[in-house]
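Below are structures written as structure tokens.
Shared between the two complexes below is chain A, which has chain B as its partner in the first and chain C in the second.
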Partner chain A sequence: MSDLAWYACYLTTGKHLSFYASFGTVLLLLAITAPVALGFGFAGAMAARSHVFPLNWIGKAYIAIVRGVPDIAFFLFFVIALDQGFEWLRHQVKCPDWDQPIRQGSDFVVCDAAKLPLNASAQWIHETYGFLLAVLTFAIVFGAFAANVLYGAMRAVPRAQIETAEAYGMTHRQSFWRILVPQMWVYALPGLSNLWMVLIKATPLLFLLGVEDIVYWARELGGTKNPRFTDYPHGDWRMWYFLVLLVFYLVFTKVSEVVLDRVMARLTHGQATSGGEMQRKAA
Partner chain B sequence: MSCWETIADYGLRSLGIGERLLPRSDFTLCQQVVLIGSGMIWNVYFGVLALASGFFLATAVALGKFSGNPWLRKPAEWFIFIFRGSPLFIQFFFAYFLFLSLKQVAPVFTPFTSAWVGALVVLFLNTAAYSGEIFHGALLSIPKGDIEAADAYGFSGWTRFRRIVWPTMLRLAWPAYTNEAIFLFHATTLVFFSGFPAQQQRGDALYYASYFADKTFNPFVPYPILAGYFIALTLVLIGIFGLINRRLNRHLPVARRARMRFRINAIR
Partner chain C sequence: MKTILLGTAALALSASFAFAASHAMTVRLGTEGAYPPFNFLNDAGEVAGFEREVGDELCKRAELTCEWVTNEWDSIIPNLVSGNYDAIIAGMSITDEREEVIDFTQNYTQPDPSSFLGRAGMDLDPANAVIAAQTGTIQAAHVAEMGATLLEFSNPEETIGAVRAGEADAVLADKSFLTSYAQEDPELDFVAEDILLGGGIGMGFRESDGELREKFDAAIQSMKDDGSLNALIEKWEVGATF
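And now, the complex of A and B:
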């Protein structure tokens, strides 16, 4: 019984509450990143389809470049590159009469007014800025994957549909928005749901971007605690904390899979695809 | 110091051969290229060994999931679900701390706490699960006629598997398996960021790239170098797997051969 009381107290310490809150951080990251990445992907797919010269090359390069290179390399790269890029832009605007070079040896020096966030800012601003950088990084990388899926889906819409639209006198723009875009989703959904699973499984990489996420807290809380510094001493429990994370992700992906299967079943209902045909025969 | 000397000093640094200390300041481009390339040894090591050993377990797992016997099917399904449903990053962390705890109980597990064994075990199981799922999908799409023809010729049991089922499964699965191989190599970069220590700074390519990025505070040199190495590695893989694909399909007329298509499945 005293064991139970001990655990009840241990599992509700302030640090543990931060640990539970960091699950919220992960969900928040997913909630923001998914739509933003979809937006990036849509823009990328549109750029790759366009007939304007530099634009279609940029779109195709954006899609192609994530294929050959490990994604964590992108994560580690963008987090520093974006930070420095923003500071450099602010530096150009705010301190035009600065005459020293930006890169001095191993240092990246911008004027104080251009620092992001400002040195004087509160701690939560620093944390929020770090989190937003992480979100933007995720959105850029996953936007490229989404662009690949959407580009394929746009090409999967039967050509006859577009020709019919053109025969009715629609412009290129009209046929794109009114005919192509509404029809492409059913072709994109398998790819996008796969991408959602990949995105869930990429969330622990937040740890590498310096955000205090579940991995950070699991390492922090699980480590051996000395009786001198805490009321709740224990040995090395990191294994159990990571087991909890493992189970969390397993449950999360399983639930997502079930939900996405239902959405797919709803969307294929009555469609002239092999999936829709199978539903018709089963009924 | 000329670039040749740098290659002599740091070319095998990731194995612990050559100069002991990493450069600390005044990094030259040559140093970055050589050290990151030296780290690639580990990526290739993990990738090749995990792929080669995982292939056999993957075949077993796929057959298990395909079998009608629930005692074989259920464990295979759970194995695939656990390794495909959770992030590789968390698997690495969990395995590392698991091996640390086991080490206290049985000293046999001491080598498992270092990356070259421990991470390899995780990658082996992980790729076995992903490829097992691919092979299972291929088993499901073996044409009925092939099996019927095998039965008609009197093939059964092991010979039928060895001569008919297995080659057809490989042939159908090969394009997807190529992707899996590419992403396995990409996944090897996670090893030294997930608990497993890089003893005496003997790390993989990404470890050195992030070392340079941290020290110079300039990501625009080391990461593109790393990207170059990985694109080259990906092209080599596609070449090798393409050759095997040609051999697997050599009996088919050219027009009916499965084309190699490369799809993204990214982080695990």
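And now, the complex of A and C:
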């Protein structure tokens, strides 16, 4: 019984509550990042397909460059650069009469009013800002992959469908939105569902951005705890904490698979694909 | 969804303006939070330890509002120079190499001996062994210099794990950090003679931030003068007193 009481207290320490909350952080990140990344991907694919000269180059360059740069390099350097870029812009607007250089050796110095967030802001604002930077970075990285998937899917829609649309007198824009886009999802979904699975497991990269995610807390909580520094000393329990993460990720990917299968079944309905053909015969 | 994102960003921005008026000068202190007894997270998830108490006292004496931030050791200097916090107070020894990038205050601990922790009763020849150390520490640099095989890990706990798993023969780290492990775990003990590295621990600042550094330097001096620093050093057992 005293064991039970010990665990009841141990599992409800402030640290553990932060651990439980970090599951929410990860889910929130996924819930925001996935649609934003899809938006980036859609815009990228549309730009790459465009017949307007600089636009198609921008789309193709975005896809090629971001896909080519290793994630970890992107997360370490791009985010610091992005943050400094924002601060530089604010600095130009807010402190026009600043006379010192912004780069002093290795230091990046902007005026106090240009800091983002401000130094005096509460810690949660710093954390929210870090979280939003993380969302933006994830969206840019995964958006490039999504753009490539969607670009391929748009080309996979049978040419005859577009020709028919043109024969009915639809404009370029109409045939794109009414014929091409509704039909391409069935070709895009397998690639997008792969991306989703990779995104789920990429969240530990969050800690590089100072956002404390589930892997950070599992490592921190599981590490050896000495009686000098805690009321709940224990040995190296990292294995048990990581086991919890394993179960979480497995359950989460399983649920994703079930949902994605249903979406796939819906999208396949009435399509000129082998899946659509099978559905037609079964009915 | 994009509007939600923009909405939250706008909210965060306007909130940060509102806060600017109410505080005069806030200093953000960056630490690792994984290196007891210097700094660690207590059961409530807050930064605690020797440096927490020293830092809070220094801020009081310098009349500054301080905010504690944790950051991975690997990127603790890059995040300081790019302005994500204003000072490093993370058990960082003063070395010439680091002096090139950041500026230190005077030391607030004596140079702490570094020790080799390995399996109890083993006979260690440090020059021909596999030694674990944390990346970017003076101990890692020392192991590489003396010709032993260096195994680097990104956080302190993992260096101990490597010794337990038999991956490394011993770990080289600050004695104050290793002592609690040597006392608690009967399988682990100090296995070779201690060595003296570094010039004691100091707070790190951006090179362009001389004024702030001087404030903290003066506060450290006043804590040394009235003996309150020595009392904390004894309380947390982080080496010799001044």
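Following the convention adopted for this analysis, the second predicted complex is superposed on the first by the 274 of 283 C-alpha atoms of A that agree within 3 Å, B and C clash if a C-alpha of one lies under 4 Å from a C-alpha of the other, contacts with A are read in each partner's own complex, and residues count from 1 in each chain.
Note that in this section a residue touches a chain if its C-beta (ideal position, glycine included) is under 8 Å from a C-beta of that chain, and two chains touch if they have at least 3 such contacts.
Not measured: the values here are computed from a predicted model.
Asker: After lining both complexes up on chain A, report clash or fit for chain B versus chain C.
Answerer: Clash.
Asker: First (chain B), second (chain C), both or neither: which does A:T13 touch?
Answerer: Only chain C; A:T13 stays clear of chain B.
Asker: Is A:F23 touching anything from chain B or chain C once the two structures are fitted on A? First, second, both or neither.
Answerer: It touches nothing on chain B or chain C.
Asker: Taking the superposition as given, does A:P204 touch the first partner, chain B, the second, chain C, both, or neither?
Answerer: So A:P204 only meets chain B here.
Asker: What is the contact status of A:N148 with respect to chain B (first) and chain C (second): first, second, both, or neither?
Answerer: In the superposition, A:N148 touches chain B alone.
Asker: Classify the contacts of A:V36 with the two partner chains as first (chain B alone), second (chain C alone), both, or neither.
Answerer: A:V36 sits against chain C, while chain B stays out of touch.
Asker: Tell me the contact category for A:D236 with respect to chain B and chain C: first, second, both or neither.
Answerer: After superposition on chain A, A:D236 lies in contact with both partners, chain B and chain C.
Asker: Check whether A:F86 is in contact with chain B, with chain C, with both or with neither, and answer first, second, both or neither.
Answerer: After superposing on A, A:F86 lies clear of both chain B and chain C.
Asker: May I ask you to decide whether A:T224 touches chain B, chain C, both, or neither, giving the answer as first, second, both or neither?
Answerer: A:T224 contacts chain C only, not chain B.
Asker: After superposition on the shared chain, which partner residues are touched by A:A73: those of chain B (first), chain C (second), both, or neither?
Answerer: first
Asker: Touching chain B and also chain C: which chain A residues?
Answerer: In chain A, residues 76, 80, 84, 105-108, 207-208, 219, 236, 238 are touched by chain B and also by chain C.
Asker: So in the complex, the part of chain A that touches chain C is made up of which residues?
Answerer: The contact residues of chain A facing chain C are 13-15, 17-18, 32, 35-36, 39, 76, 80, 83-84, 87, 104-110, 113, 115-123, 125-126, 128-129, 132, 135, 207-208, 210, 212, 219-220, 223-224, 226-233, 236, 238.
Asker: Sort out for me which residues of chain C touch chain A in the complex.
Answerer: 1-2, 4-5, 8-9, 12-13, 15-17, 19-20, 22-28, 33-34, 36-37, 40-46, 48-49, 65, 67, 69-72, 75, 78-79, 81-84, 86, 101, 155, 157, 160-161, 164, 180-181, 184-185, 206-209
Asker: Which of the residues in chain A come into contact with chain B in the complex?
Answerer: Answer in residue numbers: 66-73, 76-77, 80-81, 84, 103, 105-108, 145, 148, 194, 198, 200-205, 207-208, 215, 218-219, 222, 236, 238-239, 242-243, 245-246, 249-250, 253-254.
Asker: Hey, which residues of chain B end up touching chain A in the complex?
Answerer: That would be residues 25, 81-82, 85-91, 93-94, 97-98, 100-101, 186-187, 189-190, 193, 206, 209-210, 213, 215-220, 223, 226-227, 230-231, 234-235, 262, 264-268 of chain B.
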